[in-house]
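Note that the chains take the letters A, B, C, D, E and F in the order they are written out, and that residue 1 is the start of every chain.
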């Protein structure tokens, strides 16, 4: 069970305990009391996580491509944010977090479609339900936006739109339900504090599949252009980092010590991974790069995400080192061994990082390894459950993503013509140019 | 008249401009170019892979001069732009058939 | 009455109710109790709304102009923020929100000039009054900064400074007082949650007048340059969007369900309007643009602003669609029919959006249309009141802005020389260049 | 004593008072109660202060250098943030804020190294201790990052890393302990609310020393290139300004009227200083610049920092005017009189500003001058204590920084070769280029 | 054939292009350059210090034309680019030995 | 000696450079230019209005070569830069009077 879910149940538990002590005092309202402080923090966290995509991730990705495609990347991220927001209201939230009745193990119901019945006064734990809806929406936005990294510089814009709609509803929403919404993985005891599985394994896996279906960019892997604007990459990474305080710290759903510890381990993992990645580059190439150190930080952030409510500060250092080593290796593996043009390394950084973090959670979440010890299973037992989670999410995502790609190929095609790829998507797909600087 | 094109190292522009001005040259046109030559470029690193950059930033100076001062201009250019390291660049001299000052319509030496 | 005002009265009401129940317990302090959670959220909201102008709006506008003028636009926004802040302390806040005594219907008094009498312990509702002062200040900053869009690329910097001083004191401050500070429009029951009238109708109207007085840019409308940096536009729009959570969500003046619902409808309106605008462009030109989708989002945000404390999520979808359709139309109308060079479409996007939202509030704020039903009037009655609000604010702003323009023309002139316009304001007015990138 | 420390002691005092009234009720928990609202605000403040460095300060500095060095500056700031974070966990926090036993006057102990004994439930005042740890960490990050401004465009990257490690542990940590962690300056009654001494005097002094040891850039002072991207400078300054709400407002360690007053005076000082600087430039050069107005704002922010919990709004106006006048003068003095290439004016803006503010605090913190009157000393007495603080911190920093520079010179050298300086650090030290825009 | 190089003020590019097109010119190549000449640059200010900028933005047009229209092209350039203020720029005419259209391999006048 | 100027499509630069290197050319200078010709530009859209872009990005290569290899260089350029679509560009050949290597002062063929 995620700490998120744990938190949401906490008031109920507390309520039970308190009833024994002072039944008359808490009989009516304890379980359903709004907490202003928690609300303030989750409102803030929601803004922080939105900032991660708009403009954080958009800039991070936009700086990594050629100058002729930077606007198309910003466009992808912006359009995805808008489309997902509408879908989330229409049905996504309800299917992920609503009650699915007899099929609740697999998927939620439609009772909360269009936020039906959710007024200003509705609560989710100690938060207004609208706040919980919005906070979760920002996660639903960033996940398909992360997949953008796989298909930049050569995809049709129509395909981006279609992919996002299908993938959100057919992959993200079910997996979110399984892990956080009352589905089978959460019930089995999978621990995923802030989205190692739900966000990072899904986007990483999808990225790999899409990149394969789409084929590589011209000149891949040896003649691909280096990032056109590492400064934008750094700006984006910085905003992702700051926003991640809301992502992981907000997943505590409270302004308390759990949130404090979550941002602490998140930050330490990021910093350690960044320093480690920098050291690898310095040693191997003699030159530490800005794109490298920021990539390391993102790897550290992605890897700690599932564990951020369970591990302690020393565990976070281990997470950071492991994240940098494994993700650095994975980048080369995917690019030069598997020869798949997952252009901005979504699988290698997010997928591999998220999966690694999910597994390590079993170990470093245990008190023996300085963790908070929230699992009732043995380390090995929890590790098994975590592994089932990774395999299930990875397999499900791969299969459904593949089908979606095939469907899009049939309907409108995935890839632009050669000429458009050469001249760039900005001018050809969007009628705009990024730098008219004289 | 001659049309002289010089390819030099970017940070030598200021000394070159000053040397030419001292010589009495009143105008020139400068642009940023990329050079390919004996001087080798650097290596760029991107997530574990190294990419070699073949082209180096250079500065191109174009100036039209009267035949009389051609020699001195070429000499001055050569001296002022020299660092004696590889990649210092070239001076090219072409014949210039005509020159016109747009503002006044003056032609030939008057226009320079 | 705005929900903002409503919130501020709530404690008093509650106090009354509670006195009946437990008079001895609440007699002294209930109405004047600081709420830490609300304070935390409004402190955050203040930071978010400042981010909207610095650097949000500055980048949004800066990216839309020619490269030779981008610094001048950033300078306008930065200088306006500074100047308004000082004026707000000196007298603006007091005149807008202080007690005006016998003329309170029209304007506040000077008792709170320089925050006189407002110490660390002073409260405004459940907030420290300094926090309320600062939150409102960020609104006073962004409103004249929005007008910048009308006069870019050709105005004298001295005129910007003079205009800002006069316009803030003679237009913004009175209108804020009328609607939010206890003046006649609020008393009449005008509902303007977060500034549809106070911010958007005022800036849009002023923009139109200033643009007319100033005359169009060289080559307008057909040979105007397209935006020199759509990437900056997107960054700015993203920060505006994130900041708008503070703008509308903070206008609840509390960390509660009202704030949650406010950010929900705000976000949904933005997303829907963005998708709608994108669809229009895709249909009409075959190419959806980044500047277009972001403009749509801003239109959705401006339009929902007056309504964000009154409507529900489904209403927000309607707001979003209407916002995009009407503002898209208005852009063409102002530019090609009225031939006024309101350069960055302040009237078309903010003015028209704000007015539309103010009127729609009467409808979609009613429970019959999924709203929160906070008005005591009938839909038609409320619509009438809202219309009076729009007409009064629009008329007043137009007249006073026109006078201000005439005065500036007489004093120092509005427009730079042709040569300066051609070479660009950056180098000629500010002695700086934006891109020395090699 | 800083208000920060004051705040931390407040619960204890309150506890004492309350025990007299209702001993049975507060006996166990009053002094150690978590306050959710305060936690929410300090979590937010932590994110805001991180944003100041990543990407705020990085962009502010990055825009001021030549295009060939912008990435190196971003790299410096990013690497410093990562390295300091790890060091802070390993020992920095413990040495600064832990109990130093018999030597506590000079330095803290190691009991909290690796956050030993600090679990999710540990409190610091009303905050989870992890939150206090993180908030303080963001201060530790920005201080050595501010020093970057002294050595840009010519330093070896290895020297940056080594300098940061040594300087953090040997200068920042002790000074933070002296002033805020229970050391001798705090005990003597030095008032430094948010880091006038700890942050600004230390970084400014260090900058001067490093710049002297390193020698000037080629062509300094007359042929130095103007800022390659004033737009980035403005973006960075804007984020610094917004983040400063967390820096000063968060230093109240509570979401209350003290925080509200702190952001108010902070903002007013920034705005006033910006307008003043703009006016100076306009008068002297006929052209107010963007870099100038933003520099003014930063000067205003740095100067008010030590005073932000003690002075009132009118005091803030005085601070702003003085900040601009003194820092503007200091820039010219250091550059053209002392001929030291403190490249981005760290001493002139931060050092001079911070010291000035520290001294002025004694005057404008007194009720006689509109301050909050928190000092128990006379104005003259407090001024003496403040002066001791400035001299001690300045002297200590200068000496230790000089030693560090000598050590680095011996170990690996400070400065790159001429050729590297000419071609730029981006390509030569980091293998990257900033603008591949076609 | 002639190879004509014109240095003009940037904002005169549109009128010049139109004038040339009216004359029947079908192609040209344009680049951004920095000019140094009699026209003086501006002053930049940076934290209290003034720096003078010697180079001004200019636009360079290159076009290859048949000998027959050389005169008319030069005249058109001169007229269309003129603002009669200092800094209007120059027209330079060089001899062009050969021209090839890459797409078809056509040479000489056919290639233009 | 000849001074050869080629205007090509930007993404053909790499193949062209390689082909020239294979031929033994040791140096060249490259710049980014905007071309106006038979190939039509695209449309840009800005808030409901369409603007047509007349100029397309092109790459300009300049290289000084000895007379002997002039023909082969022109041929190589033409072949390597050709996509057979409109807009492939041109090759222009001018006479070059003199060339100097700045570093050494060598002149003529030695300098190239």
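As a convention for this text, a contact is a pair of C-beta atoms (placed from the backbone, for glycine too) under 8 Å apart; a residue touches a chain by one contact, two chains touch by 3 or more.
Predicted, not measured: the structure shown is a model, and the values here were computed from it.
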Touching subunit B and also subunit C, the following chains: A, D, E, F
Pair with more cross-chain C-beta pairs in contact, given C-E and C-D: C-D
Chain pair repeating A-F, as identified from D-E, A-B or C-E when over half of the contact pairs by residue number coincide: C-E
Interface numbering overlap (same over half, different under half) for subunit A and subunit D: different
CA centroid of subunit C to CA centroid of subunit F, Å: 52
Separation of subunit B from subunit F, taking each centre as the mean of its C-alpha atoms, in whole Å: 18
Two or more partner chains touched - positions in subunit B: 31-32, 43-45, 50, 94-95
For subunit C, residues that touch 2 or more chains besides their own: 35-37, 40-41, 44, 226-227, 255, 285, 287, 289, 291, 430-435, 437-438
Touch list for subunit A against partner subunit F, complex: 223, 422, 427-428, 431-433
For the subunit C and subunit A complex, residues of the former touching the latter: 35-38, 40-41, 44, 48, 66-67, 225-231, 234-235, 237-239, 241-242, 245-246, 249, 254-261, 263-264, 267-268, 270-272, 274-275, 278, 285, 287-291, 293-294, 297, 312-314, 317, 372, 434-435, 437
Parts of subunit B lying in touch with subunit E, wherever the complex brings them together: 3, 17, 26-31, 62, 64, 94-103, 105, 111-112
Contacting residues of subunit E [partner subunit B, same complex]: 2, 5-8, 31-38, 54-55, 58, 60, 74, 77-78, 81-95
Partner subunit A, residues of subunit B touching it in the complex: 43-51
